[in-house]
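Pasting the structures here.
There are two complexes below, and they share subunit A, which is joined by subunit B in the first and by subunit C in the second.
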Partner chain A sequence: MKIIGVAACITGVAHTYMAQEAIEQECKKRGYDVKVETQGGMGIDNELSEDEIAQADVVIMAVAIGIEGQERFEEKEDAGRVLTLNPAEVIRNPTAIIDKAINLVK
Partner chain B sequence: MSTTMKNIINDLTKAFNTGVSYMMPTVVVGGICLALSLAGGDATAGKGMVVTNPFLKNLGIIGSAGFSMMIPILSGYIAYSIAGKPGITPGMITGFIANMPIGDNHVQTGFLGAMLMGILCGFLARWVKKWKVNDTIKTIMPILIIPIVTTVIIAMVYIYILVGPIGIIMKWLIDMLSGMQGGSALILGLIVGAMAAFDMGGPVNKTATAFTLALMAEGIYGPNGAYRIAVAIPPLGIALSTFISRNKWGSDDRRMGPSAAFMGLIGITEGAIPFAVKSLKTVIPSIMIGSAVGAGLGMVHGVECMVPHGGLIVIAAVNKAPLWYAIDMAIGVIVTAICLHILRPTIENNETK
Partner chain C sequence: MIRKNLIFVGQSFKNRDSVIDFITMMADKAGVLNDQKEFIKTVLNREIKISTSIGYGIAIPHGKTDAVKDPFIAYVNLKEAFKWDNTTKDFVKAVFLIGIPAKNTDKLHLKVISEISKKLINDSFRKKLLNCKTSENAFELLNSINQNF
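And then the complex of A and B:
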């Protein structure tokens, strides 16, 4: 299972990175491949490449604002493989969110 | 609620959040620079805060520049969130127009007008993006067609359809206020205060400013005193609320509290805008009630201010009842914080560390 994601909150100081950590930790616990791009106050970090996006099974969008490069995920969206939610939800309950994301593949 | 309606509301919430997200650093840079500059000035009758130190003057230039950028950035990124890159230019240009005086009545719609411009530009640009055109034209769509079509249409709609009626209403408000001069001081104060807070720099606020300045020219300083109490209350009241009602604000907002308090003391109402944009229906009523109470009390206590600037820093220029000036302001601030506490929902699972 390969999971990628984007995290972006309003101020881009705390929640963005907390959401990234929550997704990464939960996925690593389960032994999934994971990479989360952050679009915070410092700009884009850990940017996802086209290949990584193409190979991903599921995309988790933990975003509260409009992000840069949304169009990169259009194909995944058409395939119904994108889960969009608020960063706070992932931080609060990563297990349930990853379960929900996995269900998109089944 | 139908799904399309829900989608639109989701889009709008996200768009406002995006706008605030990009605007926030600008508010901080502009507010802090302007406040430091003004804090080093002298309150001068008829002129406001006069800054003489050259370095502080230059700091003031940076601050004003930040504040003039703030509104276009807000509208530009609201449009960006809805339409992507092609939305930025139309959003910024129309937001800039919303924030400058237009027509005979000098209509300025401030941040509320800019939010509307951002939304309209966003949706129009998104629609133009979907036009089916041949490949030659397609290459020039993002840099030529979309920005020009969107900017010109929305700006013209604003100038020809919106500005006229708003100007007429502003004129009517000034006439009405002038008619009330000499009537009940309390009611006049309540109205001036509520107007000051309503749109923070928009047409209603500007009408109240114009009214109090006109009276000052005639040597009547009371309404100006009340108005100057009112302008400080929104940011101060919100700041107090973020300090005491910690479970009603997200961590993002709480972090902005101290800088809002600072701006309030210096009389910069704009410090409240980022909070208001995110939740118009809880913030606007609260600050209107708080400012109305503060200004109403100020009128009753006969506070008179000689300078066209607000906040606690002009207290030296309050020539009548300066103590009441501070007390009435504090009461307005507390009322605002209480209203916010009542109106705002408690955020569950909010880390209040």
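And then the complex of A and C:
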């Protein structure tokens, strides 16, 4: 399973990075491939490449604001492989959110 | 970023606003604020947008505003947990209040805040932190993250 994501919160200092950590931690626990791009106060980090996006099974958008490069995910969106939610939700309950994400693949 | 005089273990507060008031007062004493009132206003406005209780017994109220002179993270460990607000059912035992200037914040400071935030998602780190019995211990633990940069 390859999971990618983008995390971005309102202030861009804490939730963005917590959401990234929550997604990565839960995916690693399950042995999934995972990479989460962050768009926060430090700019864009861990940027996803076109290839990484193309190869992903699921995209988790943990975003509370508009992000840069949203169009990169259009194909995945059309394929019904994008789960969009508030960063706070995935921080609070990563297990349930990752379950929900992989359900998009089934 | 992490300052000994902004870490408080075993404090008693009954609600969100009183703990935010207390930390803001101490932050002002520590000289990291330009404007106490404005800072509180920003922090509470942020709470109204969406609660900063993240689950796990932790809340991370924060404000990015000109009212902040130097970036800081203050930590309060509560003697007894209280219900953070009416939008969640969360009882909070530990509060991190984060202050960031509105402009030109050093990337290094943001990096420290993000690393501490990430650590809070880590079960063993969080347990260690919540089990710190003294402000000194909590400071050492938090500062060990600070020092990795």
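Note that the second predicted complex is superposed on the first by the 106 of 106 C-alpha atoms of A that agree within 3 Å, B and C clash if a C-alpha of one lies under 4 Å from a C-alpha of the other, contacts with A are read in each partner's own complex, and residues count from 1 in each chain.
Quick note on the criterion: a residue touches a chain if its C-beta (ideal position, glycine included) is under 8 Å from a C-beta of that chain, and two chains touch if they have at least 3 such contacts.
Quick caveat, the model's predicted, so the values are computed rather than measured.
Asker: Overlaying the two complexes on subunit A, which is it for subunit B and subunit C: clash or fit?
Answerer: clash
Asker: Applying the touch criterion given at the start, work out whether A:M42 contacts subunit B, subunit C, both or neither, answering first, second, both or neither.
Answerer: After superposing on A, A:M42 lies in contact with subunit C but is clear of subunit B.
Asker: Report for A:I65: first if it touches subunit B alone, second if subunit C alone, otherwise both or neither.
Answerer: A:I65 sits against subunit B, while subunit C stays out of touch.
Asker: Should A:R92 be classified as contacting the first partner (subunit B), the second (subunit C), both, or neither?
Answerer: both
Asker: For A:Q20, is the partner it touches subunit B (first), subunit C (second), both, or none of the two (neither)?
Answerer: Once the two structures are laid over each other on A, A:Q20 reaches subunit C alone.
Asker: Check the residue A:T11 against both partner chains and state whether it touches subunit B (first), subunit C (second), both, or neither.
Answerer: both
Asker: Return the chain, subunit B or subunit C, that is in touch with more residues of subunit A.
Answerer: Answer, by number of touched residues of subunit A: C.
Asker: Between the stretches 6-14, 24-32, 42-50 or 114-122, which region of subunit C is in steric conflict with subunit B after the superposition?
Answerer: The answer is stretch 42-50.
Asker: Which parts of subunit A are in contact with subunit B and also with subunit C?
Answerer: 10-11, 13-15, 64, 88, 92
Asker: What part of subunit B is in contact with subunit A in the complex they form?
Answerer: Answer in residue numbers: 14-15, 17-18, 20-21, 24, 77, 80-82, 84, 251-252, 255, 349.
Asker: Can you name the residues of subunit A that touch subunit B in the complex?
Answerer: That would be residues 9-15, 63-66, 70-71, 88, 92 of subunit A.
Asker: In their shared complex, at which residues does subunit C touch subunit A?
Answerer: Residues 46, 49-51, 54-55, 60, 62, 64, 98, 100, 105, 107, 110-111, 113-115, 117-118, 120-122.
Asker: Would you tell me which residues of subunit A are touching subunit C in their complex?
Answerer: 10-11, 13-18, 20-22, 25, 40-42, 64, 86, 88, 91-93
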